[in-house]
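This is the structure, below, for whatever I ask next.
By written order: A, B, C and D. Residues from 1 in each chain.
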């Protein structure tokens, strides 16, 4: 049996001007934080977090570059290829959780937010975006706990970057853990502040991927592989990393500024 | 995982001047009537019935031609390759069973004789051989029921062929089924007499085999394959057969006299 | 409902599956049974001029990803084989006669005789990777493929399908040679040169040491061969190698095959494999919006 | 206890397993980790003169019997790669540098540079089946294999191991050419030309359409290649293709390999595969009465 499943899209939902959710039925499991390799026929195959885990799975994709732009024009009935789920899982530690999401990073965390709330945890989510209309999954997060908002332009909530908002929340309340996903510099700031406040943190990293299954070395971060050792790393794992927040690999494997 | 297991012989037991039992541990199941393909390294690979089904399996082999003659010189510690078990199974039908074995044919039936007896059936075995010292598994059959003996030279028991002895037993007592294994002409006689007396019969046939798994067509009998449809056939299946008792295939696939 | 009928060089098939040569086709009884089980056609065992015993056992080794064999072309010879073809025809089977020989003459002689038995086409086994000194070895050169094909075409008025070996640098040059020799279609692929060793016995697992690999392991190699060949020739191609499902069959068909052959999958799926393949193929074709098999042939080249 | 140490053309190995080129060897961190996980040596990704992005995704397709890939030789180029080799050496790894180029000169230039990084041997990738216009395609001719090998031998004083393609009629003629070119050892085999089609999308599964097949599917093909090569050359052979267990490794060693490389099995077994292989190998060797790896090399030829 081939590991790739071809699935027709059941529904395409616009979440923000630049972000769409694609829903489909697939014969696979999937836990919070895991991702699929998504084949956009004739264009590319990309890692995408599972933003819906139920019988009808979902991915939520920002129209970002060439392939995601093509995907943005897909409609219900169009077919994509998927394989996975791959990667490790967000783990609930304790009872009070702060989730800090930037931009499309919310797509990787929303399933964890919902799952942790369902397990009885208090989940506070700090959502950041450039502007109000780019905020992702505010309602889903709200239905699972408390939501705080930051926008770069101040069009909604706190004006500024979401790590600064997160710091306020951490100072206000003692959390048992912090989750984060978003641009790497943002995550670096969140990891640093969590470390400062002695709160355990799990950060979901993004790296260019080819295989998704731990052989091609495209996704390496120091001597870790984001596809199989991650995408979720703890502060301890990232401590002393030469790459995190600083370097990534380009398609040729060259180490370039992150 | 390769399907061939290499096993050291734990024990080699002489059963008759020309027949030896080889015992070995193997990671496989096996039910009464099934066979293994037995690789005699550097010589041949041959089908052999499982004459012992427990944790320590066994095959019982007549020193007959080239390869079995080589095997006759094997000792404990020597290694053979085995694959299987293959083929269908002797089935208990009713409560009174007559087993009719000729020569090394007892090797295929003895596990069924023991198993049927254990399930509570009355098992009467008619064992035939050229001479008294060639009788196989008389004691094991005796421990599982009643034994009657026929030898061609009259050196023990009934003087004559075992089908004639079987006919007497069938006339004496109403059996629910007949099992038989031995030279094909003998089996033909047994099948005919069982049919005459309206007793269901299961005959375990022997054909030259290559694959043992239903692809090479070496073992065909009319449009049946002895390796996967057999080796055990009912009188109904053999009724109208052009081959049974008359023709077999040689190694080139030519149809020759049985 | 998808129409599964197809046609290869004038040979009409109720569905695009055929029994591959060397599987349950030494006897007419078995061929009849395979046809009754749903195959669109049956290809005979490769038959030579004389009876041949083949290699000693072990001749077959099941591996994790495929089957290794060195049966060594056992066959009862073309004279005796008449009986088997007749038996298969009596059951209504569409029979394609596979032949081999040691040179062009022998191929032609055996093929001519096979043609008189009423088969619908001749397959030339130019590709058995483990039979020394037969045409199957000679045919590792493009010239020989062209010559043997021509020799057979000259003596039969049936479609002729040379079956090619993947054990070459570029199989398409052989396909082109066959086409030049007058072939009406190409069969690809035969088994790959391979070997297994049983470490516990410190020796090769086959009596013949070397053998040919078939089954799932070789499907991607066969699909590529068919795809490549279809870009170079104008005659139909019959795909074979590792097919065990409708999906597998469609890989070949979309790569350009007009029909497919099935062998090793019989081990795991039994003769039900033919019906299973045609059923799954029909449902996948339907999902993809095709109404017939010919519509799907070669679409992956787009 | 069986002594697992072995040696290939003077390169001493703590055990006969190596990481195959193309797996977790684009970065020094990963190579260090693989060595720490138990590999006897690590072979680098094949490195060329310039950075190269490789093909677009999908570049990898998992099939039932193996892995199909067309990554297209992505690599950061020989200059930048120094950093990665240093990082691997810092962890004590035994590193073999794999190189490619578009002609003999480029092979020699890249190899010479690689040699200055302190690697223990040079592997020449003469065999990638899906990179057009590179030496890997040119090297489908015996002359080129001899020439490229010679060119590299002329500029480095390390052992040189050409890695051969199975996509040829007879791999032994290439091994002989390599030996004539001065090779110190042969690596066999690279992946087989292959293709997969996704019927639901009516198109090839790889962006590059074609790719190379690795994994369990190709083990019997690799074992045969190694067996055949060992009958024709007098230099050591390193076996690669579908090895995932100690038993698999011993098939190659008994066929004549002095060491083995492991790639695709990492997918299913993770990096623990190296320890798993050496442990199982030791136990099978012990059962078979061998006290060291070299004693078992080539015993299946007896």
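Criterion: a contact is a pair of C-beta atoms (placed from the backbone, for glycine too) under 8 Å apart; a residue touches a chain by one contact, two chains touch by 3 or more.
Small disclaimer: the values here were computed from a predicted structure and weren't measured.
J.: What is the chain whose Cα centre is as far as it gets from that of chain C?
T.: Result for max centroid distance from chain C is chain A.
J.: Find the geometric centre of each of chain B and chain C from their Cα atoms only, then give the gap between the two centres in Å, rounded to an integer.
T.: 36
J.: Could you put a whole-Å number on the gap between the CA centroids of chain A and chain C?
T.: Taking the mean C-alpha position of each chain, the two centres sit 50 Å apart.
J.: Can you list every residue of chain D that touches 2 or more other chains, as numbers and ranges?
T.: 63-64, 196, 200, 203, 247
J.: Residues of chain B that contact two or more other chains, please.
T.: As it turns out, chain B has residues touching two or more other chains at 2.
J.: Once you draw an edge for every pair of touching chains, what topology comes out, line, ring, star, complete or other?
T.: line
J.: Considering every pair of chains, which are in touch?
T.: Taking the chains two at a time, the touching pairs are A-D, B-C, C-D.
J.: Provide the residue numbers of chain D that touch chain C in the complex, in ascending order.
T.: 63-66, 68, 140, 167-169, 192-197, 199-200, 202-204, 209-210, 213, 215-221, 223-224, 227, 242, 247, 250-251, 254-255, 284, 287-288, 296, 299-300, 302
J.: Applying the document's contact rule, which stretches of chain C touch chain B when the two form their complex?
T.: Spelled out, the residues of chain C in touch with chain B are 22-27, 29-30, 32-33, 45, 51-54, 56-64, 71, 74-77, 80, 83, 196, 198, 200-201, 203, 205, 207, 263-264, 266-267, 270.
J.: Can you list the chain A residues touching chain D in their complex?
T.: 1-4, 6, 37, 39, 41-46, 79, 81, 83, 210-218, 220, 222-225, 228, 249-255
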